[in-house]
Amino acid sequence: MTTHAAPPLAQDVLTVTGLGVSVGDRSLVDNLDLTIRPGERVGLIGESGSGKSLTALALMGLLPEGLAATGSVRVADVHHDIVGADENQLSRVRGNDIAMVFQEPMTALNPTMRVGAQVAEAMLIHGTRPTRRAAMSAAVDLLEQVGLPDPPGTARSYPHQLSGGQRQRVVVALALANDPALLICDEPTTALDVTVQALVLDLIVRGVIDRGAAMLFITHDLAVVATVCERVLVMYGGRIVEAGPVQQVFTRPRHRYTQGLLAASDLSVVDDRGRLATVPGTVPAAGQFPAGCVFRNRCGHATDVCASTPAWTGQDASDGFACHHPAPASEVGHG
Amino acid sequence: MSAEIPEVLPTGQTGARRRGLRNHSLLIGAALVCLVIVMGLLSFVWTPHNPTLVNPAARLQLPSAEYWFGTDKFGRDVFSQILVGSRTTLFVGIVAVGVAGVIGVPLGIVSAMAPNWFGELVMRCNDLLLAFPALLLAIMFTAVFGSSTLVAMIAIGIATIPNFARLIRSGTLQVLKTEYILAARASGRGPFAIGLRHVLPNVSSLIIVQASVSFAIAVLAEAALSFLGFGTPPPTPSWGRMLQESQEMLWSAPRLALFPGAAIAVAVLGFNLLGDGLRDRFDPKLEDRR
Amino acid sequence: MAEQSPAIRVRDLTRDYHRPRRSLLRASPPVHALRGVSFDVAPGERFGIVGESGCGKSTLLRLVSGLDRATSGSIEIEGREITHLSTRRLGFLRERLQLIFQDPMSSLDPRMRVADIIAEPMVGLRHPISPGRVEELLQAVGLSPEAATRFPHQFSGGQRQRISIARALSVKPQILVADEPVSALDVSVRAQVLNLIADLVDELALTLVFVSHDLSVVRHVCDRVAVMNEGQIVEMGPVDEVYENPQHPYTRELIAAVPTLDKALAGSGAADLAAPTGADQP
Amino acid sequence: MALRLLIRAGILLASVAVSSVLVFAFMAVIPGDPARVALGVNASEAAVTQLREEFGLNRPLLEQYLEWIGGLVTFDPGLSYVTRSEIGPLLADRVMVTLWLVGTAMIVALLVALPVGAVMAVRHRQLSGLTLSALSQVGVAIPAFLAGILLIALFAVWLGWLPANGWTAPVVDPVMFVKQLILPATSLALVQSAVLTRYVRSAILEVLREDYLRTARAKGLKPMQALVRHGLRNAAVPVVTVLGLQLSTLLVGAVVIERVFVIPGLGSLLLDSVSQRDLIMVQDVVMVLVVAVLAMNFLVDVLYLIIDPRLRAGAR
Amino acid sequence: MKSRLTSRTLALLAAASLVTASCSAGAPGEGGTGTDQGGSTAGGGSADTEELSIGFGAEPENLDLTTTAGAALPQVLLYNIYETLVKVDQDGTIVPALAKSWTVSEDRRTYTFVLQEGVTFSNGDEFTAEDVKYSIESVRDDWTISLKEPMDIVESVEVVSPTEVTVTLSEPSNSWLYRMTTRIGAMFSPDATEDLATEPVGTGPYELQKWTRGDSISLSRNAEYWGDEPAFETVNFKYFKDPTALNNALLTGTINVIGLLESPETLGQFEGNDKYQVIEGTTNGEVQLSFNNGSEPMQNEQVRQAVRHAIDHQALLDTCWAGRGTLIGSMVPPTDPWYEDLTGLYPYDVDKASALLEESGHADHTFRLRLPTRSYATSCGTVVQSQLEQAGFNVTIDQLEFPAAWLNTVFTNADYDMTIIAHTEPRDMTKVFGDPGYYTRYDSEEFRDLLQRADSGTEQEEVELLKEAARLLSTDAAADWLFVLPNLIVAEAGITGLPQNAVSESFDVTGLGRS
């Protein structure tokens, strides 16, 4: 599966085919397909334990020890598969072709190194700036671009001297330093206050658009995805259960999970007793999802047939769903 | 909430399996420690020979069916001495760890729960005590109170207090930051009940780990003291003194150093491994990561 | 209702913290976590407090629940002044007011069985514990009685929050204070817990103080809301009024910054959320 | 940062002062009359009285204490009760000897522990890492003096490569100095490095789990590069703490090792002085050891400030 | 109070360190002939007679003979740096040294010494009769150690001429001239008494070169020495607290000679090895199981006898000193003229011991065996305890740190029942049991009378009376004498002039050479 995957189409920034992540014999991410075209902003949405962060790490070749990836991950202008590549190959891709913004700004930066040096380092590693001096001045420019006050001063600061929002800006600057073709954001604003979140989201989106880069945006927040992305993939239990344009998925969800999620997250709609719509049960721990349809133990529509894995319905991986009992196409899941 | 939903999550098997892998040290450590304890208990009811009986006719025998580990220059049975010596070792560890724990643990908890200035003061005293290394303190104590295992071990225990106090204090501070402490206070629990019901159980893993490691250190310290002539006085069998006595025979009867040396190493290794294994087992940081 | 003394009455409350010195010459200026906060919560009311991290809402909550000391000002609970009471004399407060915490992982003592956790306020306040009480409480929050003998780590986040709620209700308080009770929960579980809180508040006719950074949650749960910023209440009023027609610039900024599906589907992008905001505060 | 340093220095001074009182008080309760012991038991009563007079042993304790501490502070500790010679130069000699021994052992231990600990951490699931880990556990379990005895038996007596014991000052005969230093320093370092290795391992394991290391790799650093550039400095904090704590272990180890290898260092001076009841010498040696440990703690604190910028702000 | 309990106490210190003197004064051929070459085996030696290193157990605390007791001090200083008027040879005969000759008056109270000529101190001063007068008088007047007591009977010292001096005693004494061979007979220069503790000045063949405290004392040849030049240019006395370290030092060539081997079990390492020679002789060091005769239960003679019967001396010697050494039955080593084998007085008899103990009524007593922290004491104590317990004694061992704690508890305060200590001072019976205030608390009018008569009687009488005294001591079971320490010297093959028996306090290096 990994070796004879088709070479990526010229216009695709990222082509993921049959990606799986497993620990031992337990599968955490299963048979994931995903294509991102240049300049496209794609959201990957899922609750805790759905495998979305693992997917991001697998795309970067950064899976923790003990976890293994299968399938194929091809990146434009990289002549090897990310899956199975060695560290030398991967280190040339990371930070250069693909960059990543992590969730926790408080811990993502080295506490003992000045932030300017950390940003400059990203450029020096890949030789995109000729000298340390050039890299440092480029770093200051980048800090300015992400809207940090007094960029030269900030460059000399240590992470602990910055607020959470400021640190996340540094992380964004760091990720954008080498104008990557693809930016992966893993819950970049979850730890931030709403007002700060708004700024950072704006910053990321602008940065991506300015560079003509594509983006994979991972979050559990439906509204955030809807705000920054054009296309969305819904992940549950390690699988993509539904994919499509944001408008379509969020207004006419087909998968019962997507439907439930949308309903439960809408706090403006209550029944006659003033109660919110709920998805029953709890999200199982990673790797503890039922076989067959991963959602069937919480699904009101589940039948015996759901014990078998539902096939993908739709024209391609970027538009469709996998459900034995999909909501009717006309049913409006929202509003 | 609907009944068909399993309320209890099976504990993450990942964690369990990984712990299993890592916990070779726990298993081996526990086995070695048990060995030492069993030897000590056994020696109360049975030893092949009287361990302190001097028998010139049987001096320096090689290991045989009668003398499993041979005899020393006094004709005493080495195996019996090793058996009884484990009692000394356990006694040493229990006294030292007991002194350190009984004083250090409450001190750590109180210093964390008390007003800041008090905690700081306790910690400064702690640092001060830390400046008196265990062996130094033991030598000074034996100089004052005469040499006996008990005195030396109390000294070592006192020198170990800071280790406990410091660790337990930081553990307690961690616990105090949690919301269940707030919840307990909101439930009307007083500081004493919080210390006893919430803090103590939650730092118990730290205590056990520290106790295990300190035990090993105490055993080593007793050996060093005996070597210098400040430790367990004869005729009580002690591995440290056996080692010291065997030194002049190292050339002619190296086995006399081998057995007590190995016994010390086994005991220290056992307690260290046990401590390490327990730490891995208890450390939530190791469990939650995937 | 007018004659009744308010469930909670806070007047001109301030709380300063001292930071460690950074300089030999000057003492570090105190941090004003609360500066002159006043409000009333009527019996049976659902009162929301909204604000971003560091706005003082947690401090306020701790003061109101008698877990911290005010620098100045007064707090009355059901007409009784608690500001200067010693910890030992706060028993009545504990009887009347109980808490639900934010972090379902850290709010339950991992070394205690669920039954003991739930019974703890009864033990702490020396209530007689009738045999079926714990099971009754478990049932009330939608957990099966078998849960009593288990340990917290055997439950998921949502279930832990249920345990937390059961604990708070065990001494039959009149006032329930919830500190971000759903912010750490998965979206699909959040609605369950919110429904549970709403049901219990109705059923038991509780006064609810609900603290959150999530405006939509507060809007759903509460009747009245106070918006806090930098240790002060900048705006207070019925939820719909505040949300539909915010008066204070900060409130406006806050509401504008919240992404919602509706706005997004209507074509609002990240730039629109950020538009009214200046630089983020350090 | 300056404030923090000042506070720490203040604490250091206060600790030294308090410990000097403790040491003095402790010595005051040790049985055995120093004058009598100094003269040998069969000395006449008159001679003992005279010596007590001479040493000022019959003056009030406070006065004795002040004179003692005054002597120490001015680096003029006076005469020993027993040897009747100047303590100052002797102490200086002995400190140098122990410093060489402990310093060499510490450096060797570090040189071994840092790479080995790192390998153990990086390969903590592989056979090589586990083997090293097991070896280090065994190393920790062997008393330093036993290691010394075995090393002597092997390298000195059996193979005859190195002298079994003794000490030569480096200025007198550098070659002999090195030869004689090897075995004792190795015995100390063996056990030390085993202990340190374990701490290095866990510090690096800890760091390997940190988010910023992942960030570094996401930037394009190879795992080893990331560890070296971003991990080591952060791993240094716990390792430095342990180094500070281990110094006292090392000093104590030196006491025993000096005995095994017949090295005239502080440790043997301490043991001799204790058994001779050369109280003023014991007091001085103990103070030197205690001050060394306290100073090391202070240094560790300063090192923290250098290593970890977060601490410089003065926040705790 | 105990200013009287002076004298041999020193012996104790000696014992303690277990460093007895060894080499003799008049080693036969006498110094001179620093014979040449001879391949030095181990790495220690460069050019053969340039340097010699001798290993010992205990180091002197300082170098002041006048105020410091201990065996380590005369070991290095006496005969090597300081000389005496007369010396004692291997047979125990007194022979000339700084005194060419001497005469004793009819009433045995006046000694006239004729001094060697052309003798100088190492500071350049000439050695004259004035120095003799000064030295003897200063012992009497200024010395603080208890060993000076025998000098108390000196009535006057008169300078007859620069090379002739007479000493008058207040009463005849057989032991005085003998004592003049010990450290109290050392000759000092009155001009060089400033820094006795660190800079000794004597007339001897060597002078102090360097003292590395805690390690070694180096002596270098005195170029101006009046007598025959010793063979070795430099002699190092190196000190090793630990017997095993001492052995290792010889094995690895750090030293050339072990002055006194304290771990007889290790002799096997050297015996039968061509590289080494082992000399086994005897010393003055009696390893004694001392009883506290002054208080119950050891005041009870039956208890003391029980102890003596309970101990199997041969077995004890075999186990704790590898069978090396000599069994004695009283406080006299075989090298003294009044030695007599008294080992038969209390034969090993457990039943009798038990019976005696039972009779004494002290069977339930717990006996405190308080041992100094010396290896021989610990070792013998282990055996003694085991043997006593088999005879029905309850014995607990306390280890008291040596010297300080043991001296304080046992020696000064006599707070003990039994202890084990080696008395290494020559002819020390007189002191150890002749003074009721001494730690043994032995108080016998009859014994003291015998000693008194022996000292003032003729030589023949002295021998007879001291034999009688020794027998009385043993019969009274004033103590139990475990054995006499052997003089065990191990040296590289080819080292010559090593003494067979240790009869003086000095380890005289002047006679040593290399073949």
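Labels A, B, C, D and E are assigned to the chains in the order they are written; within every chain, residues are numbered from 1.
One rule holds for everything that comes next: a contact is a pair of C-beta atoms (placed from the backbone, for glycine too) under 8 Å apart; a residue touches a chain by one contact, two chains touch by 3 or more.
Owing to the predicted nature of the structure, the values given are computational and were not obtained by experimental measurement.
> To reach chain D from chain A by way of touching chains, what is the minimum number of steps?
1
> Comparing the two chain pairs, does B-D have more C-beta contacts than D-E, or is it the other way round?
Between the chain pairs D-E and B-D, D-E carries more contacts.
> What is the distance, in whole Å, between the centres of chain C and chain E, each centre taken as the mean of its C-alpha atoms?
Taking the mean C-alpha position of each chain, the two centres sit 88 Å apart.
> Could you tell me the distance, in whole angstrom, between the mean C-alpha positions of chain A and chain C?
Between these chains, centre-to-centre, one finds 32 Å.
> What whole-number Å value describes the gap between the mean CA coordinates of chain A and chain B?
Those two chain centres are 49 Å apart.
> Indicate the residues of chain A shared as contacts by at least two other chains.
66, 280, 282, 285, 298, in rising order.
> At least two other chains touched by the same residue of chain B: list those residues.
Within chain B, residues 1, 9, 143, 247, 250-251, 289 contact more than one other chain.
> What parts of chain D, by residue number, touch at least two of the other chains?
Residues 31, 125, 149, 157, 259, 271, 274, 313 of chain D touch two or more partner chains.
> If you look only at chain B, which of its residues touch chain E in the complex?
52-54, 56, 59, 73-75, 142-143, 146-147, 229-230, 233-235, 247-252
> Residues of chain B touching chain C in their complex?
It is residues 1, 3, 7-9, 11, 178-180, 182-190, 193, 197-198, 201-202, 204 of chain B that touch chain C.
> For the complex, give me every residue of chain C touching chain A.
Against chain A, chain C makes touches at 52-53, 156-159, 186-192, 194-195, 198-199, 213, 215-217, 219-220, 253-254, 256-265, 268-271, 273-274, 277, 279-282.
> So in the complex, the part of chain E that touches chain B is made up of which residues?
242-244, 247, 263, 265-266, 268-269, 312, 315-316, 318-320, 322, 373, 378, 381-383, 385-387, 390, 397-401, 404-405
> What part of chain B is in contact with chain D in the complex they form?
Residues 21, 25, 124, 127-128, 130-136, 139-140, 143-144, 216, 220, 223-224, 227-228, 243, 247, 250-251, 254, 257, 261, 264-266, 268-269, 272-273, 276, 285, 289 of chain B touch chain D in their complex.
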